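Order of writing sets the chain letters: A, B, C, D and E. Residues in each chain are counted from 1.
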Amino acid sequence: MRAEPARSGPPAPGRFVRPSALSFALWVGAAALLLWSLQTAELSLSRLVNGLPQMARLLGEMMPPATSRLENIAETLLDTFRMALVGTLFGVLLSLPLAVAAARGLSPARPVYYLARALITFFRTVPDLVWAIFFVVTVGLGPFAGVLTLTVDTMGYCGRFFAEAMEEVDTGPQEALRTAGSGRAGVIIGAVIPSALPSMIASSLFALEQATRSSVILGLVGAGGIGIELKASMDMFEYDQAATIIIAIFILVAGVERVSSALRARLI
Amino acid sequence: MAHLAHQPVGGAVDAPPTVIPLASPTPVLAVDALCKRFGPDLEVLSAVTLSVSRGESVAVIGANGSGKSTLLRCCVRLIEPSAGRVRILDTDVTAARRRVLRRVRQRVGFVFQRHNLVPRLSVLSNVIHGAMGRTGALAWHQGAASPAMRGEAMHCLERVGLAELARRRADQLSGGQSQRVAIARALMQRPEVVLADEPVASLDPSAGAEVMDLFARLMRDEAVTVVFTTHNLEHARQHAGRVVALRGGRVSFDLETARVPFDALGDLYAR
Amino acid sequence: AETVRMAVTDVAGLEQLRREWSAFTEKMKEYTGYTIEFAPVTSRTAAVELLRSENVDLVLTGPAEYVVINKLTEAKPLLGFSRPDYFSGIIVMADSGITAVSQLEGKKVAMGDIGSTSSHLGPSAVLADYGIDPTQDIEVIHTADKIGYESLKRGDVAAWGTNYMSDFVPLRAAETALSPGAFRVIARGPDLPNDIMMVGAHVSDEIAETIRAAVVEHSDDLIHAIVAEGGEENQKYDGMQFIAEVKDSDYDYIRKAYATIGHPEFGEFVGD
Amino acid sequence: MRAEPARSGPPAPGRFVRPSALSFALWVGAAALLLWSLQTAELSLSRLVNGLPQMARLLGEMMPPATSRLENIAETLLDTFRMALVGTLFGVLLSLPLAVAAARGLSPARPVYYLARALITFFRTVPDLVWAIFFVVTVGLGPFAGVLTLTVDTMGYCGRFFAEAMEEVDTGPQEALRTAGSGRAGVIIGAVIPSALPSMIASSLFALEQATRSSVILGLVGAGGIGIELKASMDMFEYDQAATIIIAIFILVAGVERVSSALRARLI
Amino acid sequence: MAHLAHQPVGGAVDAPPTVIPLASPTPVLAVDALCKRFGPDLEVLSAVTLSVSRGESVAVIGANGSGKSTLLRCCVRLIEPSAGRVRILDTDVTAARRRVLRRVRQRVGFVFQRHNLVPRLSVLSNVIHGAMGRTGALAWHQGAASPAMRGEAMHCLERVGLAELARRRADQLSGGQSQRVAIARALMQRPEVVLADEPVASLDPSAGAEVMDLFARLMRDEAVTVVFTTHNLEHARQHAGRVVALRGGRVSFDLETARVPFDALGDLYAR
């Protein structure tokens, strides 16, 4: 670069926009809450470092992973994955209209927006156990109840993230379609979804992965699943067995993630 | 005639006959005292009044930031005007409910300054999007469109000279190619009015001339009304029947092309 | 003063204590001079590891956990903590035609969490006593109490093995559609061994003795702190009692149950 | 619109790009897996519909929510939220560099990318219970162990979604900064983060919300929390109490979501 | 002279002296047999050879899709060339490792056809980004930059006539304003070479002339080398010392401006 004498123009505007009194108060409040929270957390680096040998011991007990029931585990994992697949599929399909209703700018009306948002939040807030109870009394024990629970879970997650992905996309193409006289459906399918697709794929496959991992629910409704196997291993202190199951899940999850990544890479 | 640039002249709906002989009694596009403010002290359009008749071709010129794009966008309510009225094709756009607005927009082809193609879809799909107003959401993708629509879209692409790129993803186009796809999409609407925001800014001279000729043919053969913004005064001179000049959000002049002082527009563009 | 760290695992009947344990710890401080840091830990795995890593000194826990902790750590029992009517039952619908445990063969039976004393080990031991191998002859479904109960009513499971007093009775009492006679208990086990307070191997005998002495001496006071402070609703836990001496062999029933559910490593009787 | 005779141009290209043999095989395989999965799910609409009265009955048991311990619940919820806040904060801060390493195009090298991805997946796959045990033996009982568990959870989630948000943003501004001779740090802080910010805020506040909801973890490490209260209510069959807790969590979660939405609306 | 448009003439490094007298022996920018293919059968640049000396001003013209943007982007390796070499300021860009590449890029101001501003940051922050190469990541936001840098950025903005918009968010600019911010950002780099891709396409006539004058001043006063693409032949004629024409990814001609047959370029733009 040349050592050009830096000439200066007219005075630059202020470094920061002066916040309004309200937002200033909000920021201060947030900072105070944070500080107060940090206190309760009883953070201590020395405790963390001193405890590391204990962690190593525990890790040692997980090694080497038990290989005795490998086949069994693989089979259970596949079963779990299949149920997760169905639950997620339904969840994703149902999330699409819900997300449209919950996306600012796409939602047909203000009340619909708030209703859809509340519904999605509700799906997420009610714990899995409660959903599991609901669905067991409704459809009885078995995979169906598990699938329904996973569906609701997925809707609570995908509904929200689909909506946010749709809110975030560039509005240019949407404007173009709207000015061409297209209706809401056309704008969504023609401009919003193609743009939001990579993000939506990521969310969907995350939901699938999540459903597989959190499959303890399936156990609750009597549909078996890898989750209950893992829990049993931990409860019975068979750490090496647990390690094997975790590794198996890891491989599956990493696989799903690679699929997600490959699909997205094609699109981005 | 440089004074013209300073004092708004004619074109206002309340005193049109003296200055511009309107071709037909009911204008295709009538903008009345349109104002647009972004925030409390940024008035981008101030009482813009304008009237365009069927089959007319109007060039809107003005410095960067003078409000040309904002004016066009307000006309189809992509931007909600702060005050004033816009009528297009006998519909009060500013007061229109959603369904009515949709029907008007369908008849107005809009070419965006930034093209606004859907980046991940093919060129052909983007062009077919222009038909969405009349055929519904099925036109979202070339694979779902009817053969007739696909044929028509290819015809539109051919008119802008891009038929061979039909399959290309829209985000892999050059600047000029993407602009021409945007024009083809507007043609696909079978528009009665075309509002084009710097439609040839990225085009090479010959492609630019072709597009301007295309607009001229549309006007002549199909009585399409064309309002376009441009920084190319040569285009304004050759292709517009009338020139509207904006300066700081106000109509600086609104004259038949023959009477525009093209050599003395310094004031219009002065900062 | 010394601080004694105490973890409580899932001891049925102590929920109120978990919510509001200040009364109990204040009393303990008063009687022992130790500040008791008292924390409920929902996972017994965590509790065991806490003891092993010397992060807690005392664990108050159930019989099933005791057997495990006793096996995996050097921790010693300090005090027993007896509760009335602590036993498991096998419950079926009265109109199901099932009257004997043997009829459950090949059917589904709901139970609670794996390794839970009263809703897994207890029922399994009962079944085994009647000649049904819970790992082979029936399909066990581990689920939440409420789900087990509802599944039983729906007929999705043939029987439900659970804690009779604290799980089944409240649910039956809240039942609106069915009368209590709609259910039948086809088997019940013996009263289960006491809940137990264990002391980690790293804790000095002096501390352990001080605590034991205080608890034994002020037993009524402490129970009052647990039960009465919880309010009206908690009176049903009245009748708890601290037991000063804990015999390890009391827990052999649980050990046998572990063997029954396919975990013989916890089934070996200590001293055998 | 004018009834213009639709003129037709040159022949349009094929409706769909012919898939390669490999991707065709993959699609067929995926479809087969899905069908097979649908079978095991034992779906039955009639069972669902017939069971609805049962669900209504159960819902009745939750009504009206108990109000007796409202104050207590609010306090516990606030405590939980504060721990969640700290855990999420650390998780988000640690996720940032991890996400950069795990973002295609920003990661310094291929092996780093795979390593970071694997680490993030690992954080997510190892169940909370295992993390909780690890940390509880390391730092002892209490909020600190809970905060660490939440931190790891957040990293497993935010690490991934930050990375994907960074991958998805428009590359134009990044190119501009790179051509200006800016290094990786400059590109990330100057172009990538400003563009990915709305999405990152959504992910972060979702993680916060998730940490509050899934605070059963805190119970695992003896740090109390609303999760354990809810579990206790359910265990004690106090459904009206559980309903109150769920509603309280709902209000908090909805609040966090409104904050997220407001922050994002300012930016988008 | 229309035949010129058909057969590549001169400018190739292997035979330069006969056609173009190079001002200095080591060119500032030397492109040698550059090829770029997108996919197996889409060759966008075919053996482009070009050499630009210090203080020269070169206009690159050509039809839409002829490869102008691709050429400029290959020069700074925003696009990885398929074959050939590029040297800028004595550095082999095509072979450069990351650190070296960064150092070269720092010295080259690039103006993008699509402007590529960071939409959510202020105009001033966007301009300050230009300094990132020399001052590091701190220049990411105007609030973090040093007073000197802020002053310099304001100066750059003033040069393109936008000082009063310093605080505006970049996505709230008009087309021409955003283009001028992109130019200011390139100036902020204190560049030795400016590669500008249609830098005045969205500018009004007077702003366009000002920017071209600004480039001329940079060349004269600071020996900055400017290569710009344009569809405005008038600009090429007035402001470029040399004109390089691309046709279908090949150099159609490379001539001193005085010798360019501006009135017979039909073939260059023919489709």
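Operating definition for what follows: a residue touches a chain if its C-beta (ideal position, glycine included) is under 8 Å from a C-beta of that chain, and two chains touch if they have at least 3 such contacts.
A quick note: this is a predicted structure, and the numbers were derived from the prediction, not measured.
Participant: Which neighbours do chain C and chain E have in common?
Facilitator: For chain C paired with chain E, the chains in contact with each are A, D, in label order.
Participant: In terms of touching chains, how many steps apart are chain A and chain B, taking the shortest path?
Facilitator: The fewest steps needed to get from chain A to chain B is 1.
Participant: Using C-alpha centres only, name the chain that sits farthest from chain E.
Facilitator: C
Participant: Centroid from C-alpha atoms only, then distance chain A to chain D, rounded to Å. What do you get?
Facilitator: 3
Participant: Where the centres are mean C-alpha positions, what is the separation of chain B from chain D, in Å?
Facilitator: Using C-alpha averages as centres, the distance is 44 Å.
Participant: Just how far, in Å, is the C-alpha centre of chain D from the one of chain C?
Facilitator: About 36 Å, centre to centre.
Participant: Of all residues in chain A, which are in touch with two or more distinct other chains?
Facilitator: 51, 54, 57-58, 129, 133, 137, 140, 142, 231, 234
Participant: Counting only residues that touch at least two other chains, what does the list for chain B look like?
Facilitator: In chain B, residues 106-107, 114, 133-134, 189 touch at least two other chains, as defined above.
Participant: Which residues belonging to chain C are in contact with no fewer than two other chains?
Facilitator: Chain C, residues with two or more chain partners: 43, 45, 49, 53, 144, 146.
Participant: What chain-chain pairs meet the touch criterion?
Facilitator: Chain-chain contacts present: A-B, A-C, A-D, A-E, B-D, B-E, C-D, D-E.
Participant: Along chain E, where are the residues that touch chain D in the complex?
Facilitator: 76, 78, 102-110, 112, 114-121, 129-130, 132-134, 136-137, 139-141, 182, 185-186, 189
Participant: State the interface residues of chain E toward chain A in the complex, per the touch definition above.
Facilitator: Touching chain A from chain E are residues 106-107, 124, 133-134, 142-143, 147-159, 163, 166-167, 189-190, 192, 222.
Participant: Taking the touch rule as given, give the residues of chain D at its contact with chain A in the complex, in rising order.
Facilitator: Checking each residue of chain D against chain A gives 33-34, 36-38, 40-44, 47-48, 51-52, 54-55, 57-59, 79, 82-83, 85-87, 89, 104, 117-118, 121-122, 124-127, 129-130, 133-135, 137-140, 142-144, 147-148, 160-161, 164-165, 167-168, 170, 198-199, 202, 206, 209, 213, 230, 234, 242, 246, 249-250, 253-254, 257, 261, 264-265, 268.
Participant: Which residues of chain A touch chain C in the complex?
Facilitator: So the residues of chain A touching chain C come out as 51, 54, 57-58, 129, 132-133, 136-137, 140-142, 219-222, 228, 231-232, 234-237.
Participant: What part of chain D is in contact with chain E in the complex they form?
Facilitator: Residue positions touching the partner: 172-173, 175-183, 185-186, 188-191, 194-195, 197, 267.
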